[in-house]
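Shared between the two complexes below is chain A, which has chain B as its partner in the first and chain C in the second.
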Partner chain A sequence: MAKFNKYVQIGPATPAVNGAEAAMIKVCEKYPNVVAVLEDMGMPGLEWFKKHAPERIVECGIAEANGAVIAGALAAEGFMPFLHSFSFAVIERAYNQIRQSILVDRFNVKITARDGVWGDLGISHDIVEGLSCTRILPNLVILNPADVVEAEKAYIAMADYVGPVYFRMEQSAPAPLKIFTDDYPFEIGKAYQIKDGKDATIIATGYLVTEAIKALDILEKEGLDVGILNMCTVKPLDEEAIIRVAEQTRAIVTAENGSIVGGMGDGVAAVLGEYAPAALVRVGVEDEFSQSARLSADVDELKDLFGLGAKDIAIAVKEAIAKREQFKLVRK
Partner chain B sequence: MAHSPEVIAELEDKANLLRRNIIRIFENSKQGHSGGTMSAVDIVAALYFHHLKLDKKNCDWPERDRVVLSKAHAAEAIYAVLPEIGYVSKDMLDKYYAYKSQFQGHADRWCTPGIDYSGGSLGQGLSFAAGMAKAEKMHTAINPPPLRVTAANMPKLVLKYNPAYRVFCIVGDGELGEGQNWEAAMFAAKYKLDNLICIVDYNKFQLDGPVEMIMPLEPLADKWKAFGWGVYEINGHSMKEILDTLELVNNMYGDGKPKCIIAHTVKGHGIPVWESVHLHYSRLEGTTIAVKEGREIYG
Partner chain C sequence: MTEKIYCGKCNMMLYFGEEIKRRLYMRAIPSEETVLGYYKNVCPKCGNSLSLNTVKIETKGRKTWLTAQK
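Up next is the complex of A and B:
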């Protein structure tokens, strides 16, 4: 059994969205200027609004371009709008609106979106490029929580932070393990070392942290001591933490439920290339779109199709270690 | 409601002052969005020198009327007015387009005092204006300021109360091709944003040619009416019509309808060389001729 660091206590699988739901109620009670800007796709905590503050609901309907700019304007006037839908709608449909009418002026808008490849809804709704297309936008913070505890803490941190944030929710993926203890200190921009390891480090984000933890069982049986760095803040990346683990192990695997083109792994690659050369293998969706799979029985099939499971991560770790030897990279 | 000849004459003078400032801007920058700037000058003069509720000492006064310049390429028209109010220094007129200037290529909230919206990407301003108008209604509903009449505590027979602020949105005709305008139009009607006034600078030309050739807008008034707006058509270069209509619209507050003033204007208005070519963007020789003409006409 792997030895984890403080604040990690592995528990049963629990939907991360539960954490967002719980956090939204706390956020609404703490900040009376929070408003729900809807795009006919609901929102975490919406029942609270309906019951306690219906006047704080602004329903824009299926018109995401307008919705994004309405949110920007409400923020300009002192409100803290939360905007929610699938990432293809709330972000990609309104990409320039978010750029022009939210990010240019750093308006305090919180965008929560369902993103990632697992799911039954098919190519239109199971989005591979959600992280890639947002990472390149200036002034935007991106959070991608790994479990229910981190989801709640990151959600509250998002509200405490003044400025635009994209909070990514992989709702169609299987529920992640409960990973963190209730006293886990979350901070935007700080990666958390879930487990130390001298042979390699998996830098994982979101649901793939669960798969990385499961990969440890495979790797330990083969005598490998592998660390996991949880990268909830995808932007700005915690460069110090990346450099630290790169120098320690010189063998890095990145793991994300999304495209490897422009995703978190690309961000890590840039840090490694500029500051701390290390062998790198990126686990993620290759340069392709998703497709439907049923949420229960077929989940593992889709995982295998995209190579996003624990055994794929374990293979990637061994590849990274082999590359390190090939490149003759020396660990600190 | 009619405005006196003296007030009209004074504001026509102010519009000419703006034209002089715009000529100064072009004299230094040698280029800019001439056509859509000149067509909006009379509207801008009427708003800023007469109609808007502003605090000359505080451009961020929370109860100021908002102006969203959706056609933010016509920034020169607003840049001409800002030094006259005192929000920026007059020498900024010589620094349009310059590095680190407050007068950026398109009107920007993030760097220019008195600008309420960072525009340039067309078709979004009306949504932003609608959001600001909705915010005014929500502030009233959520946190009624004391000593202020609100919808909730209003005496039964009084039909009108003054909003904390109104939002004026200046949109171009060409940008009405952006579908988002009509999303915003539906939103404004749904939320009964009678504190929102959209002014269409209908100068009939866009970059590639006449609007009616590029993407016909007519029947434009019927479109707005069908979306649930109160619609008024005016000559956008008649100071009397502009002032009277703005006041009329002001007095309609409380009817639960957003308002659209379709202002028929002339692209490049007031400078013969620009009027003759309906140019979207003026540079080099055309600008030199225009500046010379402008100096002769407006001094």
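Up next is the complex of A and C:
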């Protein structure tokens, strides 16, 4: 059984969105300037708004570009708009409006969106480009929580931080394991070392932290001591933590439920290339679109198809270790 | 060039984005003091009083001919 660091206690699978729901109510009570900007979708905490502050709901309908501009305008007047929808809509359809009307002036808009490969909604709604197309936008902080506890803490931290944030939610099944204890100290911009390891480190974000934890069982049976670094803040990346684990193991696997092109793994690769050369294998969706499973909501089929499961991460770890030997990289 | 501003006491990140003084015109945020004003000059996490003396400011970017002159 893996020995985890402080604040980690593995529990049953619990939807991360439950944490966002709980946090949204706290945020609304703390900040009376919070407004919900909807795009014909619900959002975490919407029931609270309906009951306590229906005047703080702005429904834009299926007009996502309009929603982004409205959110920017509300922020310019001192409100804190939460903009919510699927990532394909709230981000990709409104990309130019987010850039021009929110980010250029760094308005305090929080964008929460469902993103990632699995679910039964298919190629149009389950997109894998969310992280890639937001990482290149200046002034934007990107959060991608690993479990229900981190989702709640990150949501509150997002509200306390004044500036635009993209909060990515992989809210369809399967739910992630409960990973953190309730006193886990979340900080925007800081990665958390879930487990130390001598042979390699998996840098994972979002749901793939759960798969990385499951991969430890496979790797331990093969005598490998592998660490996990949880990278909830995808932008700005915690470069110090990446360099630290790269120097320790010189074998890095990145794991994300999204495209490897431009995703978190690419960000880690840039840090390694510039500051701490290490063997790298990126686990994520290759250069392709998402799909529906043949059977509705058969997420394991998609996980296997895209190579995002624990077994796939374990194979990647062994590949990274082999590369380290091939490149003759020396550990500290 | 990017800039980060942290609370000097608890290390909470208060700002991440473009280097504030870098934009040549139409600056969205005129100065670091403006950012601290967003928080009413109090850190929301630890309650520390925020001023240019109590925060850490980090700027980062590739060395260029222009920055090398400075």
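The working rule: the second predicted complex is superposed on the first by the 327 of 332 C-alpha atoms of A that agree within 3 Å, B and C clash if a C-alpha of one lies under 4 Å from a C-alpha of the other, contacts with A are read in each partner's own complex, and residues count from 1 in each chain.
FYI, contacts are C-beta pairs under 8 Å (C-beta built on N, C-alpha and C of every residue); 3 or more make two chains touch, one makes a residue touch a chain.
Everything quoted here is computed from the prediction, not taken from an experiment.
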| item | value |
| --- | --- |
| Touching partner for A:Ile179 - first (chain B), second (chain C), both, neither | neither |
| Chain B versus chain C as contact partner of A:Gln97, first or second or both or neither | first |
| Touched partner set for A:Pro236, first chain B, second chain C, both or neither | second |
| Chain A residues touched by each partner, larger count belonging to chain B or chain C | B |
| Partner chain(s) touched by A:Pro32 [first = chain B, second = chain C, both, neither] | first |
| Which of chain B and chain C A:Phe79 touches, first, second, both or neither | first |
| Contacts of A:Asp160 with chain B and chain C, given as first, second, both or neither | second |
| First (chain B), second (chain C), both or neither touched by A:Ile188 | second |
| First (chain B), second (chain C), both or neither touched by A:Arg56 | first |
| Which superposed partner A:Ala71 touches (first chain B, second chain C, both, neither) | first |
| Intersection of the chain A residues that touch chain B with those that touch chain C | 104-106 |
| Touch list for chain B against partner chain A, complex | 108-110, 116-121, 124, 127-132, 134-136, 138-139, 141-143, 179-180, 183-184, 186-187, 191 |
| Contacting residues of chain A [partner chain B, same complex] | 32, 35, 55-56, 58, 60-61, 63, 65-66, 69-74, 76-79, 96-97, 99-101, 104-106 |
| Residue numbers on chain C that touch chain A, as the complex places them | 2, 4, 11-18, 28-29, 35, 38-39, 44-45 |
| Chain A residues within the chain C interface of the complex | 104-106, 108, 138-139, 141, 160-163, 187-189, 236 |
